[in-house]
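First comes the structure, then the notes that go with it.
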Amino acid sequence: MRLRNAFLAPTAILMAVTMLAPLAIIVVYSLLTRGAYGGVELPWTLENFTRLWDPVYGVIFVRSFWIAAVSTALCLILGFPLAMFIARSGPRKNLYLSLVILPFWTSFLIRTYAWMFLLRDTGIVNSALQGLGIIREPLALLYNDGVVILGLVYGFLPFMVLPLYATLERLDPSLLEAAADLGARPRDTLVRVTLPLCAPGIRAGAILVFVPCLGTYLTSDLLGGSKTVLIGNLVQNQFTASRDWPFGAALSLALMAIAMILLFAARRRGEELL
Amino acid sequence: MPPETVLQLRDVSKDFATQRAVADVSLDIPRGAFFSLLGPSGCGKTTILRMIAGFETPTSGEVWLNGQRIDPLPPYQRNVNTVFQSYALFPHLTVQGNVEFGLRRNRVAEAEKRVREVLQQVRLEAKASRRPSELSGGERQRVALARAIVLQPDVLLLDEPLSALDPQLRKQVRGELRDLQRRVGVTFLFVTHDQEEALSMSDQIAVMNAGALEQVGTPREVYARPRTRFVADFLGAMNWIDGIGVRPEAVSICPQGRKAVVTGVTYLGSFCHVAMTLVNGEDGGETIHAQVASGDAFTAGQAVCVTWNREDEVRV
Amino acid sequence: MNKGAKRGLAVYAVFVYAFLHVPLLILAVFSFNSSRFSVWQGFSLQWYRAVAADPNLIEASLNSLLIAIAATVAATILGTLAAYGLWKRSSAWLSGSMYLSLVTPEIVTGVSLLALFQWIFRFAHLRLGMHTVILAHVGFSLAYVVVVVLARLRGFDRTLEEAALDLGATEFGAFWRVTLPYLAPAIAAAAMLAFTVSIDDYVITSLVAGVDSQTLPMVIYAMARRGVNPALNAVSTLVVFGLGMLIMLSERFRKA
């Protein structure tokens, strides 16, 4: 037991310094007033939290939710058949699975940049379309909600495929045979057997995609530009350009609270998401 | 197809990548029978079942059900149902949900009443709202049965349904299964590697070996009149003397007959097993076993005589 | 499943795989383009030469490597020990803070660390720099290491350690000679994960970095914001290729 405590001590200290102390500071800042030259001042106030209900920010929250929800749904639509394909591909399973995991190991920033390169006004898609004479003026493909969703789906698809694959892989094939044996057509089997049995995987995948999408900063910053401001960009803005740290802190706490509520709501007894 | 035949296999073969699992099997299964497919593991009996259910497609040959060719049909269009070896109960559905599964699609009138009846038949009406994970092995097996017979299949396919039960329960379930089959009148095609199971339950037994059919007949026929050496050996212990088979229980030890020397006595509770070596004539050195009521009179090294009735001899 | 459905699924999978991999492939191909526009004009290595001649990029790369190696070593060692400690007996608040660390959006982690550092600097004569970046990276990599190592420990047979103790090993001896060798593959995987998470991070790093601690992702970000620059394609290709090689090497190492 003494060994255990010695082993835990450095990590406990580090977590306290890099996770809990900053969080405590954020909590304190969220209750203070914005300083004249940035920073924070007394008196204590709840105004930063009441400001969250301002419709100006409400729009941003709704938009963030919407974009995260659509991205999650698209990941599910793209990911479920893919996971099914991998789970049923016999000895080549591992190869196909690593093809999904591979992009996860390469830089997220660079993968986001790849879409900027493809979609910008002078990018390859516009050049190709112009070269083929289909369009005359370049299409504005970047800097809209759609391309942010594209970037998020591209970035987080592996997080959906992995848990889906894990549940599909464990699915007893004789259950599918039993369904067919009892008269269920393939579509009925999918709806009445496969999907319900994959519910834990779907829930885990949805949470693993939705939560980071909701708090995204980089994707919306690079692909959405100034037009697509999401919660993450709003937070960053308060700590940099606007220099309104107390409000930024309140926004951060709101974002974390939403994430935690979603995580607890999605948890079922006996199930571990992480 | 004769009218009393419900299921017919015509020269059915199945090749897998490296081997022939089933070779030219033809079978007629009479309506209402308890029919067993008996053979060692890997003999192709499960493959035959899976071809009838529709999970495998025959490489050649045809499968006919009620005068209709069914081998090109998908499983969900065949009026046969399977009790899986692992039972394959849907873990996300209750007992009731499992039993209703096939009915929902067919929109059978009075489905609810039928489900209740069937659950009653397998004595599970009190557990209708339980999940499979909350049931014992025997109860799960009965859910698997109920789920299939509620659909009133032309043939019920049972893939070693007793192998997952513990030995005590297995013997009891044999009788129950047999009674259930009589009561509901559905044709059972029962796959097993256990000859005792097949002998005790079946109207007819088809013995298989290495993908091919060895013999089809009543339990008495295949046991007492085996047509091949494989069938004779697989259905029970057999002495082979000069190419003629005699079952140990047909051998009696008496004052007159062939001379033999006792080599060992094994006490087995209700009977005794006596191992002997024949000493006279051309049979010298051959081992013969006898099953006797009491082995008290015999010890190793003792000289005895053995005999048997000619009608108990088996020629293959 | 019938053949038609199977084929449909395979076609679908091909499209999803194309979606995942083609953008980076195009990026890599155009890094060898002799034109600075998105039209193929012929093979050239000029952008790679431009990258090699850019002192800014070289310095940022070295910074990134230094930070990633330091953070990986620290996080892997400490995280492994912590996973072992948590496996011996769980600790609600420590597991809770790990969980929190994994689910906190990067931007929130970044701004809260920034707030903490600024607050500390009121009392101490310190500045943002390599040390703050490394501390932040160790902080957010730790949870990944703990999760990966703990997953492997869950499959470990406790009686093996008891056997070692029974044979006369000390508590540390049992850990060192029995448990640690069993954990080796997970530790390697955790280190890989920590390294890639660290070397790729932009959001947190950009908030806690000082003037002397520009990292490669920060330079890439700045270049991407500025607009068309084929040199960025070359940098990207090098990074992706480098990480790919590293993963393949570690896979081979793991299998050996």
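A, B and C label the chains in the order they appear, each numbered from 1.
Quick note on the criterion: a contact is a pair of C-beta atoms (placed from the backbone, for glycine too) under 8 Å apart; a residue touches a chain by one contact, two chains touch by 3 or more.
All figures in this text were calculated on a predicted structure; none of them were measured in a lab.
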item: Distance-to-centre winner among chains (Cα means, whole assembly as reference); value: A
item: From chain B, the most remote chain by mean C-alpha position; value: C
item: Whole-Å separation of chain centres (CA-atom averages), chain A against chain C; value: 17
item: CA centroid of chain B to CA centroid of chain C, Å; value: 59
item: Cα-centroid distance, chain A relative to chain B, in whole angstrom; value: 56
item: Per-residue multi-chain contacts in chain A, two or more chains; value: none
item: Multi-chain contact residues (two or more partners), chain B; value: 74
item: Residues of chain C touching at least two other chains; value: 2
item: Touch list for chain A against partner chain B, complex; value: 172, 174-175, 177-185, 188, 192-193, 196-197, 199
item: Residue numbers on chain A that touch chain C, as the complex places them; value: 1-5, 7-8, 10-12, 14-23, 25-26, 29, 39, 78-79, 81-82, 84-86, 88, 96, 99-100, 102-103, 105-111, 113-118, 120, 122-124, 126-127, 131, 154, 157, 186, 211-212, 214-218, 222, 232, 235-236, 238-239, 245, 248-249, 252, 255-256, 259-260, 263, 274
item: Residues of chain C touching chain A in the complex; value: 1-2, 5-6, 9-10, 12-13, 16-17, 19-21, 23-24, 26-27, 30, 37-39, 78-79, 81-82, 84-86, 88-89, 91, 94, 97-116, 118-119, 135-136, 138-140, 142, 146-147, 171-172, 175, 192, 196, 199-200, 202-203, 207, 217, 220-221, 224-225, 227-228, 232-233, 236, 239-240, 243-244, 247
item: Parts of chain B lying in touch with chain A, wherever the complex brings them together; value: 53-55, 74-76, 80-82, 84, 86, 88-92, 101-102, 105-106, 147-148, 151
